Amino acid sequence: MTKVETRLPAPTVPRRFPLRQKYLPVTATAVLISLMYGLGVINYPGFSDTQIVLNIFIDNAFLLVVAVGMTFVILTGGIDLSVGAVVALTTMVVALLLENGWPAAVVLPVALLMGATIGLGMGLMIHYFEVQPFIATLAGMFLARGLCYAISTTSIGIDDPFWVRVANAQLWVGGWFITISVLVALVVVLIAAYVLAYTTFGRDVYAVGGNPQSAMLMGLRVGRTRIAVYTISGLCSGLGGVLLSFYMLSGYGLHASGMELDAIAAVVIGGTLLTGGSGYLLGTVLGVLVLGLIQTIITFQGDLSSWWTKIFIGLFLFVFIVLQRAVTRRRR
Amino acid sequence: MSNLVRHRLFWPVAMLLLLLVGNLAFTPGFFAIELRDGHLFGALIDILRQGAPLMLVALGMTLVIATGGIDLSVGAVVAISGALACQQISQLGDQGAVGGVLVAVALALLLCAGLGLWNGFLVGVVGIQPIIATLILMIAGRGVAQLITGGQIINVNSPPYKAIATGFLLAVPVPVIIAAALVAVVALVTRRSAFGMLLESVGGNAGASRLAGIRSRQLIIIAYVACAVCAGVAGLMVSSTVSSADGNNAGLLIELDAILAVVIGGTSLLGGRFSIAGTVVGALLIKTLDTTIYTIGIPPEVTLLFKAVVVVVLCLVQAPAFRARFARRRPTAEVSA
Amino acid sequence: MSEREPVLVMRGIGKRFPGVVALDGVDLRLFPGEVHALMGENGAGKSTLIKVLTGAYHHDQGDITLGGEPVAFAGPHQAQQAGISTVYQEINLCPNLSVAENVLIGRAPTRFGRIRWSAMRRRAEELLARLQLSIDVGSDLGAHSIAVQQLVAIARALDVDAKVLVLDEPTSSLDASEVDQLFRVMRGLKDDGIAILFVTHFLDQVYEIADRMTVLRNGRRVGEYRTAELSQLDLVAAMIGKELAALEDIEEAPRREVAALERGTPVVSADGVGRAGAIAPFSLGIHKGEVVGLAGLLGSGRTEIARLLFGADRSDQGQIAVDGTPVTFRGPQSAMRHGIAYCPENRRTDGLVEELTVRENIVLALQAARGWARPVPRGRQDELVGRFVKALDIRPADPELPVRNLSGGNQQKVLLARWLITEPRLMILDEPTRGIDVGAKAEIQRLVVELSDGGMAVLFISAELEEVLRLSHKVAVLRDRRLVTELENTDGLDLDRVMAAIASGGAT
Amino acid sequence: ACGGQERGGGSGTGSGAGKDDGQIVMGFSQVGAESGWRTANTKSIQESAEAAGIKLQFSDAQQKQENQIKAIRSFISQKVDIIAFSPVVESGWDTVLKEAKDAGIPVILTDRAVDSPDKTLYKTFIGSDFVVEGQKAGEWVKQEFASASGPVNMVELQGNTGAAPAIDRKEGFASVIGSDPKFKMLASQPGDFTRVKGKEVMEAFLRANPDIDLLYAHNDDMGLGAIEAIEAAGKKPGTDIKIVTVDAVKDGMQALADGKINFIVECSPLLGPQLMDLAKKVVAGETVPERVLTEETTFTQEQAKSALPDRKY
């Protein structure tokens, strides 16, 4: 081989996409939600009331918080099936402790700590023993629900004055109100969005989801990141459980049944890939809105039998997702 | 021996045996199998018979998971299949007519195949993430099942239909035969044709598979159709067990058990390599666990805790990393458990 | 140099995988301010040694000292902290992140825990500029060609304040000018007293940059040599372990004779085929028995042409014809039906299915063409696979191993075998010699010649211009995603003329 | 949203502006459609609403309390005239009920009470008492086995773990039986209110306990499933093993008439007419009793035969 001495000009490379392709799914989702909202406004009187939109937030604040935690997990390519059960367990523990006269100031951190601990446990199992996340978190789910029933099979009411006050507090802005839970949920969303976009840890989450093997070779602490996301998810479930206990003022083992699916659905509808590495927290918020909006429309419809309710929810989801897909589809 | 221990299925099988032995301790005649009126009876037979629907659903799920997908709608398909079959049969003049029942069964399975096609279309052609694509049918499908039954439980009084779940053929319960046959067919088709390998390829690396000229669309659709048909057969069994169709409760949460069975059997949820034998063992393990809970009489309040413990223990002994730690302390890790 | 203390010493390193002894008592010394080449055939254990060094693998035997202190890294993170910066063989980056992040993730500039995105972009641009790469650092890494990705990986390693820099085949898909630029940077680092461990299969590059080298064979260390004291032939002999006489075997293929070729209707021809944003419309015909080489810089659009001809991407204009008959490719399988095969450049993402075995990976395309219902009989599979494992010298020669356990070069051979057994009429080879050792490379070159002599049309893409020039009857030159000219490979054509054509955009 | 549109348009004038044209609008939040019983309940309410000229905003919560709360909140913002719902659980309604109260919308509970200390949050509660149902079953058992000398071996099929009827029916039964040492509860497992599960669990019971005298199932469906298991094991349901269940759906009554079940405690889903009456009174501002029991009874095999022909569900 002869040595080539000629110096060639460095390649000039044109920018390929003027609009960042990666923001397209979120944008499309937002547009579709507006359309759906418009549909509601046109069809149902009273739908245009701003309170309706706020109600969606009020009714889904806990789901939003849980979905935030789930977003972290899914971004690393994992999944957390335990969230619904941990939420239920939290309501149960909160109710039990309050019933036994513990002060709210102690119960609150205990609840959060418990959620985080369960998450941590699953994270450790997933990382150190290489158990598939699905199984580890399914075991977590059994465990948490099991503990609920072990505590009590009936629901326990909450009448702690602090809890009741927070639960009934309505923050009025103009003619509309939101609850404290909504505020908490929004703060959580903002913090989480900041963490994902602006901290080293947040970017590690994306890297691990992109390719864990590579991330490890790049010198990132994959194990730490992985354990951390499950802990965060557990913490969010704990917080979600606290919010739910505000919402319900009771603890019950059957609370939040199937919430894991709602949370996963919200995250995925929001454009996050289940395989990890791609997605935005804003998408998750939109995903929760989609689910809430569908439910609101169904309630406003008001004359659907139980089965038509299900069929319509499925139909709405289908139309939404196919449209979303059609808009964002890239040509091969 | 150490080769045996290292085998992928060693720990699930060991766990299965352990549970069975545990049952024996509580119910002395647990392993006894007797021939009564020319029919096989016994606890082990019951487990096989009761486990047949789960095994079938898990079997189909294995194929879907091998493509890197997941099918949440199987429970709804179980319900729809039973509902349609019962609804058809209940309208027959003579419910005992074998021909009429066959038509009803065929119709139900055809509908299930159609539902599978729908899932496969959404995943393979439209390109929707499997979990969401099948979530649609999971929700709407329950509605459809209830629509068919009118929200009521449809009763049928049809000996041929009842035979699907409670009959015997050559002393063996019919559902066991059906499940075994389907497992055999799927195993043969996947391993004797190139279907299994191509499926694993698509699940392992979809991009590379496309560039190798594999028609992944076709494979994905087939996998979802097969999954739905398996679920459909399971649905027939479930409704035939009690000669009635319950649109809301039939197959409720079976998707979770099925996925668990597949994963216990050593198939990764990320797709790629799959093991049908593993799935069968997984399904049997789960069913045995259920039976154990009833026979030992574990109080309902702690049933889930018990399940959690079993799953955790199983995961841990299966995890190579865990065993490595264990083995380091005790070089001869040949425990008879 | 030897009077100084080595910065890194690996002694008696042993590493076994199930069924394979990858390393067996290997020693390695690295001195500050030297470039040390690690040489060996495919599968000799180079990458494994590097992964042991950085803690990605745990070794079974031996010890490592860094700066006199014994070390045992639990993982690459710790190695990095201790001052060992590594570029691994396969590009190990995150395609879903931006280029800037890939360069800097793990040590992004922060203020109060907040990543300073603008500073990060600037820093990444600076680092890439050292390698003369100016791309939009905000774009996703996955959108870039493999060569660009390789440069990004190098840039990442350069940023670290390292004592030891490890480069595992960093040049395998770079063209000459990029390699030059890399060497310039490496020399600068060397002058700063950094020890560089360098792996490549290009002997010229070794002799250009390395001060000393360690040769591995079959997981054992053959010896440590000063570059100046070991001739190329001796080096090859040490790597291969054969007497000099046997070295005739690895003579590279001779230059092609254009005159011998008869051109009728092209097997495959493109007429004004193009795809917006990827490649400008081009026309190109490839005839029976002809080898057409594509020459160009990285990102010039060679891979794009290959993908369009294979139906991997859809063209949005123009017409492709097979044997003169217009065809429309709706995907790779329709191209395959017309006897076209495509061996992609990025074997990890586009080529291999890592979980499957060597055998399954080899028969994959053949099987896909037949459809799943008509399996290739096992006996025939074994026969075909056995033949190509032997012909391409795939090691270890066990077809039932998962392909992910093979060394990089052997994986490349598996990919080649996959397409060879389909006996295509047009074979598109995108960087087929990437990461392949000298012996195997000559083998592959000879194979190309043989195949084309046997009537196969070949589209040959390589970052190594000499290779393109040697094998091709015709060289198509690309620049900025545009096919600028076609040069017949007659006596007059030499490297300089091709380079000039690339540089001038074909205006010669 | 195909068929929905026109119907939605139709409801446009109705809801919200309900009071203007005099038509009462009732928001009803149903638990779900988890059983035939529930479906009959829904149907009864829908039909009687139509008969009573009340416009019904119906919402299915799919067994989730969250959804019920959401639905009630939505009813409030739709400004319905009256809200009725079957609470999934007792606790946790205070907040949303207070919202309804603040909005001046009266609330009627059906099927199940809430445990709020503030009784002004709802006007009345109409429904059966699950504990009483369990007691009725227990009393029958006590009577039936009054003359039995040896111990009576019992097994129990419970509803879903944690579900209110399951807990109360178990409790009611136990409160009657529990004091008597003659009765022995060999096993008690959830059969999730379904036939399939009932059959499966019963099979396990039969295997573990060769000598069962009585089965108490929390609903007919589980009992029907258990009958299949008993027959498959070669025993005669109703004779070898006595069976008592709750609900009295048509299939259960049929089995009762056939002699396969011995006793059924009725739990009637047909509270629609009573509910509509109450609703009208409440909207008109009349006072209504705090607790209204549904009209229900119990059935023996003889009674079943005569009641069967005009059993509606």
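Residue numbering begins at 1 within each chain, and the chains themselves are lettered A, B, C and D in the order written.
Here is the rule we use: contacts are C-beta pairs under 8 Å (C-beta built on N, C-alpha and C of every residue); 3 or more make two chains touch, one makes a residue touch a chain.
Worth saying up front: this structure is predicted, and the values here are computed from it rather than measured.
J.: What is the graph distance from subunit C to subunit D, where chains are linked when they touch?
T.: Minimum number of steps from subunit C to subunit D: 2.
J.: Taking each chain's centre as the mean of its CA atoms, which one is most distant from subunit A?
T.: C
J.: In angstrom, rounded to a whole number, how far apart do the mean CA points of subunit A and subunit B lie?
T.: Distance between chain centres: 30 Å.
J.: Using mean CA coordinates as chain centres, what's the subunit A-subunit D distance in Å?
T.: From the centre of subunit A to the centre of subunit D is 34 Å.
J.: Distance between subunit B and subunit C based on Cα centroids, please, to the nearest Å.
T.: Centre separation, subunit B to subunit C: 45 Å.
J.: Express in whole angstrom the distance between the two chain centres, defined as the mean CA positions of subunit B and subunit D.
T.: Whole-Å distance between the two chain centres: 32.
J.: Out of subunit D, which residues touch more than one other chain, so two or more?
T.: Correct list: 32-33, 39, 42, 161.
J.: Could you check subunit C for residues that touch two or more other chains and list them?
T.: 312
J.: Enumerate the residues of subunit A that touch no fewer than two other chains.
T.: Residues 149, 153, 305-307, 309-310, 312, 315 of subunit A touch two or more partner chains.
J.: If we use the touch criterion from the header, which chain pairs count as touching?
T.: A-B, A-C, A-D, B-C, B-D
J.: Which residues, counting only subunit B, touch subunit A once they are in their complex?
T.: Where subunit B meets subunit A, its residues are 72, 122, 126-133, 135-137, 139-147, 151, 247, 256, 259-260, 263-264, 268-269, 300-308, 311-312, 315-316, 318-322.
J.: Any idea which subunit B residues touch subunit D in the complex?
T.: It comes out as residues 26-27, 30, 36, 43, 46, 50, 146, 150-153, 155, 166, 238, 241-244, 246, 248-250, 252, 290-291, 293-295, 297, 300-301, 303.
J.: Would you tell me which residues of subunit C are touching subunit A in their complex?
T.: 54, 56, 75-77, 79-80, 86, 88, 92-97, 101, 105-106, 108, 110, 113-115, 117, 132-136, 139-140, 143, 156, 176-177, 180, 202-204, 208, 277, 297-300, 312-314, 464-466, 480, 495-496, 499-500, 502-503
J.: Under the stated contact criterion, what part of subunit A meets subunit B in this complex?
T.: 125, 128-132, 134-136, 138-140, 142-143, 145-147, 149-150, 153, 261, 264-265, 268-269, 273-274, 305-315, 317-318, 321-322, 325, 329
J.: Which stretch or stretches of subunit C touch subunit B in the complex?
T.: Contacts found on subunit C: 310, 312, 331-333, 336, 342, 344, 349-356, 360, 364-365, 367-376, 418.
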